[in-house]
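Working notes for the structure below.
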Amino acid sequence: MADESKAPQSPEGSKPATSGSSPAPPAAGAPASAAPKPAAPAAAPPPPVQVPLDNELSRRYRERFGGAILDAIEDRKQSILIVGAAQWLEIARYSRDTEQFDLLEDFTAVDWPRREKRFDLVAQLYSFPLNMRLRLKAALGGQEETDSLSSVWPTANWLEREIFDLFGIVFRGHPALKRILLPDEWQGHPLRKDYDILQQDTAWVRENLGIESGQ
Amino acid sequence: MTNTLHDRTLPKADTILGADELVINMGPQHPSTHGVLRVKLKLDGERVIGSECVIGYLHRGVEKIAENRSYQQFAPYVDRMDYVSAVSNGLGYCEAVEKLLMAEAPPRARVIRTILTELQRIASHLLWLGTHALDIGALTPLFYCMREREEILKIFEKYCGARLTTHAFRIGGLQYEAYDTLEKDVERFCKSFEARIQEYSDLLTSNSIWIGRTRNVGLLNAADCIALGASGPVLRASGVKWDLRKATPYAAYDQYKFEIPVGTNGDTYDRYLVRIEEMRQSRLICLQAIENIPAGPIMARVGKVLKPPPGEVYHAIEGPKGILGYYIVSDGGTQPYRVRIRPPSFINLQALDKMIRGHLVTDVVAIIGTLDIVLGEVDR
Amino acid sequence: MLQGALAFVQAWWVELLCAVLIVLVVPLIAGYIVLVERKVMADMQARLGPMRVGPHGLLQPIADALKLLIKEDLIPDDADKFIFWFAPVLSMTAALTSMGAVAFGPWFQVARDINIGLLFVVGISALGPFGIVLGGWASNNHYSIIGAIRSTAQLISYETTAGFALVSGFLLAGTLKVSGIVQAQLTDQVWYVFLAPVGFFTYLIASIAETNRAPFDLPEAESELVAGYMTEYSGFRWSLYFLAEYANMIVVGAVGTTLFLGGWLRPFPNVQWMGWVDALPGVLLGAVGVYCVVRAGKQPAQVQALFMWAVAAACFAVALIFALAAPVGNAPLKFMYAGLYGAFWFLLKVSAYIYIFMWLRFTLPRFRFDQLMRLGWHILIPLALVNVVGVGIGLAIQSALGWNHWMGLLAMLPTTLGTIVVGMLLIRWNDKHAAAASAPIATDGTRVEDSYAG
Amino acid sequence: MLDSIVFYFFASIAVISAMLMITRRNAIHSAVFLITTLLSTAGIFLQLRAEFLFIAQIILYVGGIMVLFIFVIMLVRLDVPLPQIRSPLRQRIAVFVAVIVFAEAAYIVWKAHAMQGQGILIPTAAPADKLPPNTEDLARSLFGMYLLPFEIASVLLLVAMIGAVVMAKKRTNTP
């Protein structure tokens, strides 16, 4: 199964199944406060999963944005750029215009409650001409706002509405930021880790569906 | 590039639609919205001048559930998203987790997976063709398509006991060995299928009313497609010769020769032609695949309890509706930390507002049909 | 008073009998047309259609009728009660009264030899749009009003086309009286469908549009207007509309058959060696009877077997009349024979006509409303006009050269070809314009250009 | 005997529905009663054996004009009953005019009744089936003797139609 970070190489050699050489903190870039997990690799230690990425793509980004590019990793042969949230829109526009990443394949967020910048914005870019993928990640505080990418890629419109709906991250400059999946008056953002799976917006359920228990 | 998608000329009201002209509500219980989709249409007489999709009626919080299930336990949920093409959802998820584990399914498993996924693509396109033709008024194609789809569902039932939500694959390979007459069944189906596709195109392709209803309806050129993230047949019909099965081959697609059908001006008629041609290509793939299914094990050694090393992976496959992507983040535990599914129907549906502007109400029905959306996947 | 009434009945018992028959039998026939349609649809779609109620679903229409009678027909709360009740009644009466002037057989006609004959039928069916408009408006539902307006526009524009197509038929026949028309086709020894094929073709299309069927069934298109003007109706009131539609189909079929397919004449009426065709009705009915008897044994339920026996008995009885009456030729049976014989051929042709309706319904997708109106106004009406002129010229040639009967075909040939050529030109001109007109128009009236121009 | 029964039947319907038409508040109801009036007058034509007039009345009046009436009422939302103007002055004028008209009508009927023979010509009722089929007569006179006025009238109608289309067109293409 060839991976697609650079030119499609031959399928990877069969690696021993379990790996996890060093319990590296989740690829969250910033020095994670997450307690390192004791990894108990059963088999012999396989090659490291995360390798610092150093190719002409990351070099171009670093020389263009300097400090804004916090880290460049290659995780399982997929290139990841961890950037500062401040230049998020600028980097996106640069990626689309000069680096030819014309398709925003996916845009989502990951919630790391134990970090002080709890949200990770994850934008999955794909370039038709180069047949190459790149993942831009930015760490974001709980209450922080960021710029909307819908001016760069119109497909971000609904994707950002879903992130706002499920995570509560506000995007400045979004044409019509309101909930897309949940009812408009719903309280709470379900995909946050502190939103328990059994929790419902009891008020909304009682008022609209008339179920007393609210469940 | 400051204009937003929704309402260039409409005043900023509380909702997206200004409420002066005639606003009709299509759905959520509407015979032709393919599920619980509600479209607020703003009409000037018969012409549509604005629209807003209200979705979420079928939202089950699949991504939240994923964070409380182990990797194997979550596999059946994936079938319930796009319930029309459960097998290809399963393929995408299993391959993504295998990539996370940096393991790989054995060749025999990959070939059988390819055969079943291509059969599922034909079944999904058949259901699309039947309901799409029914919306535009042709009553007969629906029953022809259902007859063929029944054959495919029988093969699935023989293989894994289920017809619709099959849960056919496991992480690391396959659960069940191919039953003995699998090759013969698939061969019999593919042999008879060519004549059947000819039956559909005799009924529709050169039918002047069909062309009248679909030519120049729901125009979406290549630039719009890429900007809006539309993928799959919608993208190919606009002239972009691109298919994930060729761009980033997965399963066993790199071993087979097949063409990528491309349309010219991205209207409903081109999307119809592209999907019909795709069915033919999938049939060719199946025929090539059943010639030699390699012997060997059907399951990689991934062990019972899956604890992938911390990290993340994004793996996308070419589903019948478009790019079906899985972004899985693992924190080393037995349960995925975050599973994000890139739903092709959800993103293709976003192009609806752009496509129906200026059309009549009757065309809206045809355009919703041509997008081939499944609300289970849109709402997740 | 009583004596006067008796005299009245004495004088007109035949017509009264026909009238009663029409009012009773037509809903039944309409029900069975529905069954035949579902069976034919099923056959074309690789399935069986209704099989459960009665042998091969033969009792299905009766079951449907009962269901509709029992079903509660509710009235939307702020609908206009009086009009809501009046509309389906109006459309049903229009359909049935227009059947008054239709001649099912040589003597089987309610308005016996009314001078304006077919025009009576077309005129009364002009009341049809009322039932639809008032129904759509009275149910006070947004979709119904749109459906009502659309179907009225469609009916009115296609009535004009049907009118012109019939005019070309009347030119040939020379009279409006139904028996006169059929007599003219007998003396001319050629059916008018061959003399004015374009006339028949335009009438066929116009009649499909006039009964809201097949590719023209947009007013009640399920997919977007839910059920058009019939949305709020349910139960018996809805079935009134439904029967009116099928009765209209019979009426339109009857007009087409009388004018173009030679009414109750058997094919090649005067050719002697075609005599064996006379026996066809008797043989056909006998065959149906035998089939019923064979199937009666295999019926699972007792009532179904009884039903099959009844159908078999009826077929044999009529077949017997045909067999007995023809050679013997004694007075009373002779009178009955001519009527039944004519009725058989007439109904055979009408059912062929309706089969075309069904056939189109299951193969063709639906027109969009603007395409439908464009077809009506830009292509069919000019074509029908040209056809009337063509038939006139043909008649002039024919009378000038003194050709008649079979030679008439030659006289008509050039004009028919001319009309067909004109038709082709119209279609090409229309396609060129249609493509431009139907392209989506942006909100401010300009064509949709690449909206990503920033 | 039968003729008179039929005549009185249709005449009574016509009069009643005409009365109802005027008094209805709802526009659509009055339109429906107008249709019944027209249909019953058509019935009277039929009773007089004038079949062509019967069918012409139905096709033209009921099938054509009344459909437009109903269209206009539906599209222009006339069915909402307008608030009746109850000013006393208007009512008094209406009553006054009605009385005068009634008086004139009564006078004419009374005078005609008195002068037997010179007044209104009452044709003897021709036996039913002897009447020549009137469609042919109508056609012969329409296209024979009065062809010129027929053509002029048709041209006039054509002009009127084109005028209507032009006016309608002007309104639609300015959004």
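As written, the chain order gives the labels A, B, C and D, with residue 1 at the start of each chain.
Note that contacts are C-beta pairs under 8 Å (C-beta built on N, C-alpha and C of every residue); 3 or more make two chains touch, one makes a residue touch a chain.
Since the model is a prediction, treat every value here as computed from it, not as a measurement.
Shared contacts of chain B and chain C, meaning chains that touch the two of them, come down to nothing at all.
The interface carrying the most C-beta pairs in contact is the one between chains A-B.
If you average the CA atoms of chain A and of chain D, the two centres end up 78 Å from each other. Averaging C-alpha coordinates per chain places the centre of chain C 31 Å away from that of chain D. With centres taken as mean Cα positions, chain D sits 64 Å from chain B. Our note on geometry: chain A versus chain B, Cα centroid distance of 24 Å, whole angstroms. Contacts with at least two other chains are made by no residue of chain A. Of all residues in chain B, those that touch two or more other chains are 1-2, 44, 227.
In chain D, the residues that reach two or more other chains under the touch definition are 175.
Chain contacts here run in a simple line, from one end chain through to the other with no loop closing. Contact annotation for chain pairs lists A-B, B-C, C-D, with touch applied as defined. The touching residues of chain C, counted against chain B in their complex, run 41, 44-47, 142, 215, 217-218, 221-224, 226, 361-371, 434-435, 438-444, 448, 450-452, 454.
Of all the residues in chain C, the ones that touch chain D in their complex are 4, 8, 80, 82-83, 86, 114-116, 119-120, 122-124, 126-127, 129-130, 133-134, 137-138, 145, 148-149, 152, 156, 159, 176, 444-445. Residues of chain B that touch chain C in their complex: 1-3, 8-9, 24, 26, 31-32, 44, 46-47, 49-50, 133-140, 142-144, 147, 203-204, 207, 209-210, 212-213, 215-216, 219, 221, 223-224, 227, 354, 357-365.
By the touch criterion given at the top, residues 1-4, 8, 11-12, 14-15, 17-21, 23-27, 34, 37, 39, 46, 49-50, 75-76, 78, 80, 102-106, 108, 110-111, 122, 124, 128, 131, 133, 135, 150-151, 153-155, 157-159, 166, 175-176, 179-183, 190-191, 193, 195, 197 of chain A touch chain B in their complex. By the touch rule above, chain D contacts chain C in their complex via residues 1-2, 26, 28-29, 32, 35, 51-52, 54-55, 58-59, 62-64, 66-67, 70-71, 74-75, 79, 133-135, 173, 175.
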